[in-house]
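Read from first to last, the chains carry the letters A, B, C, D, E and F; within each, the first residue is number 1.
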Amino acid sequence: MIIDQYCDNENINNVFYQNKVETLLEALPYIKDYFNKIVIVKLGGAIMEDDAGLGNVLNDIVLMKYVGIKVILLHGGGKQITRLMQEKNIEVKFCEGLRITDEKSIEVVKMVLLGEINSKIVSFLNKHGKIAVGVSGNDASFIECRKKQFKKDGKDVELGFVGEITDIDADFINKLLVNDYVPVIATLGSDKYGNIYNINADTCASEIGSKLKAKKMILLTDVDGIKISENDSERLVSRLSINGANKLIKENVISKGMIPKVRACIDALNNGVERTHILNGNHPHSILIEIFTDKGIGTMIVKDK
Amino acid sequence: MIIDQYCDNENINNVFYQNKVETLLEALPYIKDYFNKIVIVKLGGAIMEDDAGLGNVLNDIVLMKYVGIKVILLHGGGKQITRLMQEKNIEVKFCEGLRITDEKSIEVVKMVLLGEINSKIVSFLNKHGKIAVGVSGNDASFIECRKKQFKKDGKDVELGFVGEITDIDADFINKLLVNDYVPVIATLGSDKYGNIYNINADTCASEIGSKLKAKKMILLTDVDGIKISENDSERLVSRLSINGANKLIKENVISKGMIPKVRACIDALNNGVERTHILNGNHPHSILIEIFTDKGIGTMIVKDK
Amino acid sequence: MIIDQYCDNENINNVFYQNKVETLLEALPYIKDYFNKIVIVKLGGAIMEDDAGLGNVLNDIVLMKYVGIKVILLHGGGKQITRLMQEKNIEVKFCEGLRITDEKSIEVVKMVLLGEINSKIVSFLNKHGKIAVGVSGNDASFIECRKKQFKKDGKDVELGFVGEITDIDADFINKLLVNDYVPVIATLGSDKYGNIYNINADTCASEIGSKLKAKKMILLTDVDGIKISENDSERLVSRLSINGANKLIKENVISKGMIPKVRACIDALNNGVERTHILNGNHPHSILIEIFTDKGIGTMIVKDK
Amino acid sequence: MIIDQYCDNENINNVFYQNKVETLLEALPYIKDYFNKIVIVKLGGAIMEDDAGLGNVLNDIVLMKYVGIKVILLHGGGKQITRLMQEKNIEVKFCEGLRITDEKSIEVVKMVLLGEINSKIVSFLNKHGKIAVGVSGNDASFIECRKKQFKKDGKDVELGFVGEITDIDADFINKLLVNDYVPVIATLGSDKYGNIYNINADTCASEIGSKLKAKKMILLTDVDGIKISENDSERLVSRLSINGANKLIKENVISKGMIPKVRACIDALNNGVERTHILNGNHPHSILIEIFTDKGIGTMIVKDK
Amino acid sequence: MIIDQYCDNENINNVFYQNKVETLLEALPYIKDYFNKIVIVKLGGAIMEDDAGLGNVLNDIVLMKYVGIKVILLHGGGKQITRLMQEKNIEVKFCEGLRITDEKSIEVVKMVLLGEINSKIVSFLNKHGKIAVGVSGNDASFIECRKKQFKKDGKDVELGFVGEITDIDADFINKLLVNDYVPVIATLGSDKYGNIYNINADTCASEIGSKLKAKKMILLTDVDGIKISENDSERLVSRLSINGANKLIKENVISKGMIPKVRACIDALNNGVERTHILNGNHPHSILIEIFTDKGIGTMIVKDK
Amino acid sequence: MIIDQYCDNENINNVFYQNKVETLLEALPYIKDYFNKIVIVKLGGAIMEDDAGLGNVLNDIVLMKYVGIKVILLHGGGKQITRLMQEKNIEVKFCEGLRITDEKSIEVVKMVLLGEINSKIVSFLNKHGKIAVGVSGNDASFIECRKKQFKKDGKDVELGFVGEITDIDADFINKLLVNDYVPVIATLGSDKYGNIYNINADTCASEIGSKLKAKKMILLTDVDGIKISENDSERLVSRLSINGANKLIKENVISKGMIPKVRACIDALNNGVERTHILNGNHPHSILIEIFTDKGIGTMIVKDK
């Protein structure tokens, strides 16, 4: 039989498929806009412990990569670290949200970030081609840091191996981007004595984004964004300027864990990142909706006009 | 007022937008598959004279370019040539589908292909960024040809400036692709004496596709593909091997204008192109449906297994 | 017979051939001076309609290219445009030297510039190797322009598709030069909406020359240069500074069609071109004589000391 | 005081320092020989658990890097893996030297190799400059593997996530070498479904060495090399050909854990590695002595003449 | 005075200058033909001692360089060597045309070739731009050689430091050509023990030309080429095939000093050089006439058809 | 016999060899420090006439090259020049340390520098690989100079071909360094008329070092450095700032031949060289001891703090 296959004629002008590709075409203006641009995404929150949810987010990342966006991924892993510390009977202590990280703890941090989370993300992405490379700031010492000095009530607190970034070697990440890889970054840094430090992932995203002049920085978290109480209800702030954000911090509208995230956004904007977003990773495809549709979800913080 | 914008909370988990991006994600396997691959598209048929239709097709091409496909466009312009010849009172003559092209006629061919059609396509594409460059085989003499010898009933027929390709300088087109341009090719060729010839656009697509080892060659035309009569109805052949195609030509099932198209496909497949398609450009988004969905439309001709 | 050829001894020290190569050697200082330098030549005037004359000029250009000069060619085509417009019964209207260019007219402009003149120049040059590539400002949108606003007697005149350059993408032309091609430029530009405009070729030469810091800009025309009346006779001005040129314009010594040419020269000089020339293309080899001998012909305009 | 420092004259012709630099000069022939050559070193044995010893070995590696050798490091971590498995109450099972690696076990393997050992090696090396980058075969999927099929007594044994290399992407490692980094490789591989496998580090060294045509492969272990009993004493075999090695395996002189090491050497030699060595990492500076002096220590296996 | 200069109108169409540039145009076909091609010229004979004559030849070389030919110059310096040896009271001995070169002699050879002749040629060429770099085979050891074994009447003759080429590092010369320099080569070679040898310049030209696939090799000498006696007169052979050359050697028509030159030509042709020439450097511009006109002077040896 | 070689077990932990490699390791901090840095060494003094001594120094240079230092060598050759001038009966005249260099003298200078010394150094270095290329400032005219104007007692002194550097083409030397060659520079310069001049080698080292921002400049000479009389004894100044050096010159502590050396050091420091040294080349391995140990020998001149 020489003819391999027929197709039913009546079906050619198929509306179902036309609708599909028309949806692709609707995304074209956004795709053009982000073509060859850097978008830095920090994965955080509950999504990190939910393999299915994480898989969905990473699938979104793969799409971004293949339509020409230069994606950089960062991740922390707080809850998994706590879990392994408990398993190993290491006391878990925090001081104003900062984990006290002694020598045993930093070993656990490394195991979890590198051996569990980073490699999981990398292997997931690489199912879609040889596209991801896992690194930490220890590789080529590309994130240089020093021990974070911290005072509480006027007294020094010994945080242990908690670091503060002193320099980023943007060139190292650029080499990966130029070779078309998605860098997946575990937010560890090192000093010149070979000590490894745990560093805040939001801050790290902000610093790397600034150095590389990212078009967009997205902090993926568990809440929908910045909320404001009006009468008896809460409303989500969709768009905020640096001035507005600073004012809301001062007025304690933005508080607790949201403060460092907003500060990371402000720093990024002040240092060359175009736009920053705080999104809820638990909503399906929140990143893609943010990037490829006219629907703004979450809170976007932008420069003052 | 420090807050620029609120958004209505209830609306965050919006199904409408989720569906949109899920349609993007459905396209991901196809996008991955074509990433950085060469697809050569020959624009032909009625679409060439219908500005809205042509615009739609070119819009599809822009999407292909921005999701990482290296597109090469070729075009003819038979009807427009005939029209200008008539306007200029030049006699229009054909011999077995080949236009007799004397000195006055080739001038008209050049005017129409370069001054009317090629520049229209280029300017349309460039509305979406500086992405297209119009060329003809005369530029850098990248399509070398000689006068086509043609016999009818054993006697030489003087076709005039109708050319036969003798060499393609693939390097010239590659330089454009490497610089991320979409080459838009008017299918003229030249010989070493500086004569310019009209050459068949289907053949030209096949030869360029072969030289560049294109993943796909698409001939856009006015019919749905190869049709076969069964009982009283016609059925569209969806998939055909080289052997099958040759058999159908021998049995006169494929005939007339379809023969050179099918031959161009067979030559392309024999020289390194992976898959070839004959599609109806009058159906909306036929190229995108072919590439980005599981719906095969038109006739695909492939290598024998 | 083992010896292929003898030569007559007495003839070895042949003065005829020695003289020939000594003429080459006389050109050496000029060749050295222009080695790897950019020279931009605008072809204009009657020469554009005289195939033999044009051929001679292009022959000169080929020599320039092969002795290491980076030549850029620009051309208009006013008379041919007028002729085709008349043939197509489109009314030909000018306003102070500017062609009123409605939608039908710009179609004719494109046909003539791209399909007739540009391709003729390219195919002529390519008889001497794969050296020329024809482009217009529409390709890669490398000449961006907007509609020219024009007032006469205080009232807006609707010029139609007559453009004013807003940006030149010098990089596009540089890529061609680096690959050792002679760019042959039809002076059309485009805006971001995909409209194509006719632009003045002298101005265009000046802007491209400025962006690329050309060593020399030559405007080839029908007159010997700037002439000045003295007593009863006219004398050709051989060398003029910017100041001098401005003064002569003010005093109406330079007038009419010569004014925009001289202004193009002044602009070019003010923006980085070293020397500018107005030459008569009807004198055999005027460009070569200008470049490769100590004979200055035509009018040279230079910077003020 | 204008003079910063005097020096005691009598001391200038100091023999102590002359001897030092003469020792450097003695190393020159070896340095020249290895300049820009690839040496692949697999770290194994007790040294992996002895931080001081490991530090010494890595110090040697730093010297090799700075005198121009392109070093590639591989490491396993068997004992540390066993320890963490016990800590986490996972049963430790082996079958003929191969660790049964179920889902929980591979998680431990990743944690230990990536989070503990690899990052320790990288941070040690980077104390001497930004010279090391830690990777695993999961990064860019550069070590592709499949599940190892294993039979014992004719019956399939389920080894779990124990892999067998199917392909090495040498290009990935080469990019690191070209950028002057020392790749530190955790010997994990991945398949196209995103599964991660533990792979034998000796085999992995052999495969990477072969792909990159290494000049030398050194397997660092706990024994002095291959020993042979003569009369009542044992003698260390200093140099052995492939034929000799195969013969000694057949005669059971080489046995147990030494067999896979010797096989890795033979495979490497058969696929382009010039020389292979089995060295005792517990002797101070064994690698440096092997490379930079005329003293051969350990067992060298070479091609048959 | 605003006008810098007038020119006399009647003089514009000046035939004198037109003739000059027409002579340039006559050279165009030859210039095109040699554009970017390698021509290797060995300077020899009396011209080497006649500064004016040498200057003229080098002037010709400068022209060749500036019209795009990649020129490589080689030179010997026999007579100057003899003169300095005599001045230093070193006995001058030859054996069948080969200079016996003991340790003192090779010192003189180096002084003359490098310190006198090579630097003279380089400084002359560099008057025309930074175009020449002087090298010898000792630089980067790019001409490797061994001591030439020589027998006369069956007995070994001790030639001393006379070398025989064993390898050419074409890459070294190519780097100079790519950087647009004219390599000026003193024909010395070296062995791996650091000994420097005098090598025959004709042979050296042939070997370098072969490695670099030169288009043309020219041996400049004192005679007009190969001459053949007919009746009572001598006739110059203008063109000869390899077969013909071999036959004339066998028949002793070609003899003595001409034999090694002809052999160098034959070797070059057999190894990739297109055409070879023996020219008389004493005739003004012999090289330019050979290359840029239709006048063949001297003897050309070509491949057999 | 399958086993090629045994080794005596008792000997494995050999202290002798361990000491050797530990000496290498002691050099590691210095090797790291100089990795990929430029060190410029001017060879001078008696060492130039002592082949064994010169050989030793060059051996040191080879080591420096192979541990990654980018070495540039310069040499003069005063005594050898004087000797050949005497041999050729040319009168040897100096004026305040400057050699009067007439036309005959500059010929001798070129012969000695290029033909004797430069080629000797190059061939010595190339015994250790294809690592050295000999050049003079005449090559590519990379050292441009003019005739030095010199006055004594208010009257012009005709020094002849003694040059003063006007420009250095650092790019030429950089191309050699990038290709991993050691440039061996004979300190001749040329002017645009093709004249060649003898230039002071210390000054030349200083100018080249400045242009290339060398990390270190070493002037090798016959004395141990700057000495200062204290009581009845002399003490060697080990370290001196620019201020100190200027003061010692003013006070005549530094005098005669040492002045231009110290001035060269000061100029180098003021123009970007990090450290400068005056060392005694007669002490074995003085350069290596200076670079690779903590022993400072000779006088180091550094910037003021």
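One rule holds in what follows: a contact is a pair of C-beta atoms (placed from the backbone, for glycine too) under 8 Å apart; a residue touches a chain by one contact, two chains touch by 3 or more.
Owing to the predicted nature of the structure, the values given are computational and were not obtained by experimental measurement.
The chains that touch chain A as well as chain D do not exist here; no chain meets both. Annotation of chain D and chain E: jointly contacted by F, touch as defined at the top.
In terms of residue-numbered contacts, A-D and E-F present the same interface, as over half of their contact pairs agree; the other options in D-F, E-F or C-E do not. Look at where the CA atoms of chain A average out and do the same for chain B: the two points lie 42 Å apart.
Chain D has its Cα centroid 67 Å from the Cα centroid of chain C. Multi-chain contact residues of chain F, defined as those touching 2 or more other chains: none present. Taken pairwise by the contact criterion, the protein chains form one closed cycle in which every chain touches exactly two others. Think of the chains as beads on a loop: from chain E toward chain F, the beads read E, F, D, A, B, C.
Within the complex, the chain E residues that touch chain C are 2-7, 9, 12-14, 17-18, 20-28, 31-32, 35, 59-60, 62-63, 66-68, 128-129, 224, 228, 234-241, 243-244, 247-248, 280, 283-285, 288-289, 292-293, 295-297.
Contacts from chain A toward chain D in the complex involve residues 87-88, 107, 110-116, 118-119, 122-124, 126-127, 130-136, 138-142, 169, 175, 179, 181, 188, 190, 192-196.
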